[in-house]
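Below, chain A partners chain B and then partners chain C, in two separate complexes.
What follows is the complex of A and B.
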């Protein structure tokens, strides 16, 4: 127990002192995961919207695949991205392996299906409400998708948050394609794994505390935006 | 819409080239859902102007008829012609106000602006349309926080924003207070006076008396009677309409 309490004390000291290494790791984590979330939303939201309003043969099979992809194992995604980006891989010439870009690519692949599947459900429910009105207004498919995405914006914030949560917390994919290189690709989760294995619990715990605080802050911010939107009946 | 008529409040767009007037011919329409027959060989014809009230007991198929005429549904059998066009070909020349208004999750003004923008209309008309339905003061408020009467007036303004030649209204004043009913009726009458063809579903006999040029009365999925308003209310020919107007249960 003493070592744990001692580790907590050191962790808090690290956080409060604004340790340079710690800040670097945190900032890289946020940069990688936020970028991956934005890219995943740019890919996943239009796909989710299109599947939400389209009726075609094999749609149920598409829904099953979309939902199944939400559970993609991070290490498998990491491995596949590694194979593509490694020197002998088809995209090896880009020289992206062990860079933050590779980590963004892996996280984007991991969370785009989450964004697509969850947004599909949100937008399909909204479209059920709007469908007759939109058909009466003779909206094109693009206009319908734009209107649905805008009107569901506050619900879709939660979808984006789910994606970000998955990205910032995962370790399997980024450790394979990033390599956990100090000052280059070391993010919070990979640092926690490394420091724990080295026995440096203080840094691991400090990063864990920051990860939890970030999760709380992001959730709190999204929740307060949603509460405001609910008051205005925009949700 | 007759573009030659002077329009109040800058409500309408500059004149557009449109095909001929939309007179309606409905022949032997049948609408089935599985074993249930909602409309069963329904036929009638309407001219290109005026206000027609569609009446009938609950479940007589009035709302479904509006959706068929507007091209939102396909009949199981029969033929609908708007001056030679199929309903789907003229949906853009028509507008429908639903019984329960479907308002976007935006401000009052943004609801109208959305329609003007997507239909390529002059977006500066938002102010005039809001003024026409008495919602200028509510322009920046969330649309879904409006009262029932205000919401329906907004839905009507949004429908008018499309410059429809035919305006369908599906019980737009059900459960509204008298002032809201009056406001809706006034706007609809204005539209009719400007040449918009009105097809209005209502259960409100007083409203039908005030507004109808003619009445189509549905009973058991068929047209039991189609008469000029004065004749219909003076003495309906069909026993179903007589029972309905006398407050007897009609099934």
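What follows is the complex of A and C.
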């Protein structure tokens, strides 16, 4: 229990001192997870939208698979990406293992299904509301998807945040493909795992508190963007 | 990625003009050397001298060897002599050199439920732990420490795996995680002294068994063989391995201390 009170003090001291190593780790965490979120959205949103409006044989099976993939275990994703990017793997010639790029790839694979599955639900509900209107306007499929994505943009922000939350909090995938290399691939979660293994529970917890605060800031920033946009829309 | 490399190389050529290029190697390493802070102390000295950046991937010895066999590294630094010799014999490494040593210890709670505190005969202590059914937390992860532990059990004539889940608990995790778990449940744990001294969550644990020469812990260094792994940065890997075993590298290792205690004792053959 002593560790907990100690951790808050430590977290504050770390932040206030502007520790260079900490800043580096925080920035890499943000760079990796935000990039993965953006890429996952670029992949997941169109897939989610397409499945939301399309009617085809086996659609139910696709929905089940999409939803199930939300539960991909990070360590399994890490292992798969490792096997592909390893020097002895099919993509080994790229030399990507133990780089931030490898971490972005792993996190993208981890969260693209979350973005696809959640956006599919959001867009399908919205589509049910507008289906008649779209039909009367004779919109093409692409136009329908565009209209749906634009109309649901605020809900989809939350979908993106769910993906980001998963990415920035996972350790299983990035520790395998990144290797937790100091000043190269160490991020917040792998640093927390490292300090825990050193038995420095207070420092590990302090890093955890900082990670939570960062997640709060990202969510706050998105929320304020959203509120500003809504306000302007009504002026 | 490629473009970046080309730009970086071009920049290095323009700016560097003969100075050493920015090179980087990956060391597949056991955890004790990383967790104890040895690399934080040693690598900046090497990098200052040579300009070679050393990136350390710290995993258990078993996984480090596996990663190295997949060519995902330039140098292997672990502590399981038999596995290391096999690694070289199989052609994955060019040459294995003794680097340094320390020793293993068995740590246990102050209550000492098996009554082994102060013993120096490690096999006897393990047999007594088994006999009394006192909890023992094992790495269970094919690491160097785990291999050593299994060897000691075999020598003590006990097969602990038959009690797996009862008094013998296999955590399947790294040294630090196993210490955290073991301490949490009041179990005895076999650990290397370097990790123990620098470990910060000791609670009421102390060293119960130490001083048996069977608990000797030898570390070795092996550059990875470019014949098997063409991606290896041969020159940089060799200069790192050479520096570690040189008089200067050995002196640096000897100078590394935590809480005023020397954690690693250099013993590379000097000619």
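The rule we apply is simple: the second predicted complex is superposed on the first by the 208 of 235 C-alpha atoms of A that agree within 3 Å, B and C clash if a C-alpha of one lies under 4 Å from a C-alpha of the other, contacts with A are read in each partner's own complex, and residues count from 1 in each chain.
As a working rule, a residue touches a chain if its C-beta (ideal position, glycine included) is under 8 Å from a C-beta of that chain, and two chains touch if they have at least 3 such contacts.
Computed from a predicted structure; not experimentally measured.
Undergrad: Would you sort A:60 into first (chain B), second (chain C), both or neither based on which partner it touches?
TA: Once the two structures are laid over each other on A, A:60 reaches no partner at all.
Undergrad: When both complexes are superposed, which of chain B and chain C contacts more residues belonging to chain A?
TA: Residues of chain A touched, chain B against chain C: more for C.
Undergrad: On the A-aligned overlay, A:184 touches which partner chain: chain B = first, chain C = second, or both, or neither?
TA: Second partner only.
Undergrad: Now for A:92: first (chain B), second (chain C), both, or neither, which partner does it touch?
TA: second
Undergrad: With the two structures laid over each other on chain A, which partner does A:234 touch: chain B (first), chain C (second), both, or neither?
TA: In the superposition, A:234 contacts chain B only.
Undergrad: Please indicate which partner A:5 is in contact with in the superposed arrangement: first for chain B, second for chain C, both, or neither.
TA: neither
Undergrad: Determine, under the contact definition given at the top, whether A:143 touches first (chain B), second (chain C), both, or neither.
TA: first
Undergrad: Just to be sure I read the superposition right, which of the two partners does A:151 touch: chain B = first, chain C = second, or both, or neither?
TA: first
Undergrad: Residue overlap on chain A between the chain B contact set and the chain C contact set?
TA: Overlap of chain B and chain C footprints on chain A: empty.
Undergrad: What residues of chain A sit close enough to touch chain B in their complex?
TA: Touching chain B: residues 129-130, 132-133, 135-139, 143, 147, 150-152, 232-235 of chain A.
Undergrad: Flag every residue of chain A that touches chain C in the complex, lowest number first.
TA: Residue positions touching the partner: 86-89, 92, 94-98, 101, 179-182, 184, 194, 196-201.
Undergrad: So in the complex, which bits of chain B are touching chain A?
TA: Those in contact with chain A are residues 67, 70, 72, 91-92, 94-96, 98, 102, 104-106, 114-115, 118-119, 142-145, 162.
Undergrad: Along chain C, where are the residues that touch chain A in the complex?
TA: Those in contact with chain A are residues 1, 26, 31, 35, 39-40, 55-58, 67, 69-72, 174-177, 179-180, 198-202, 229, 231.
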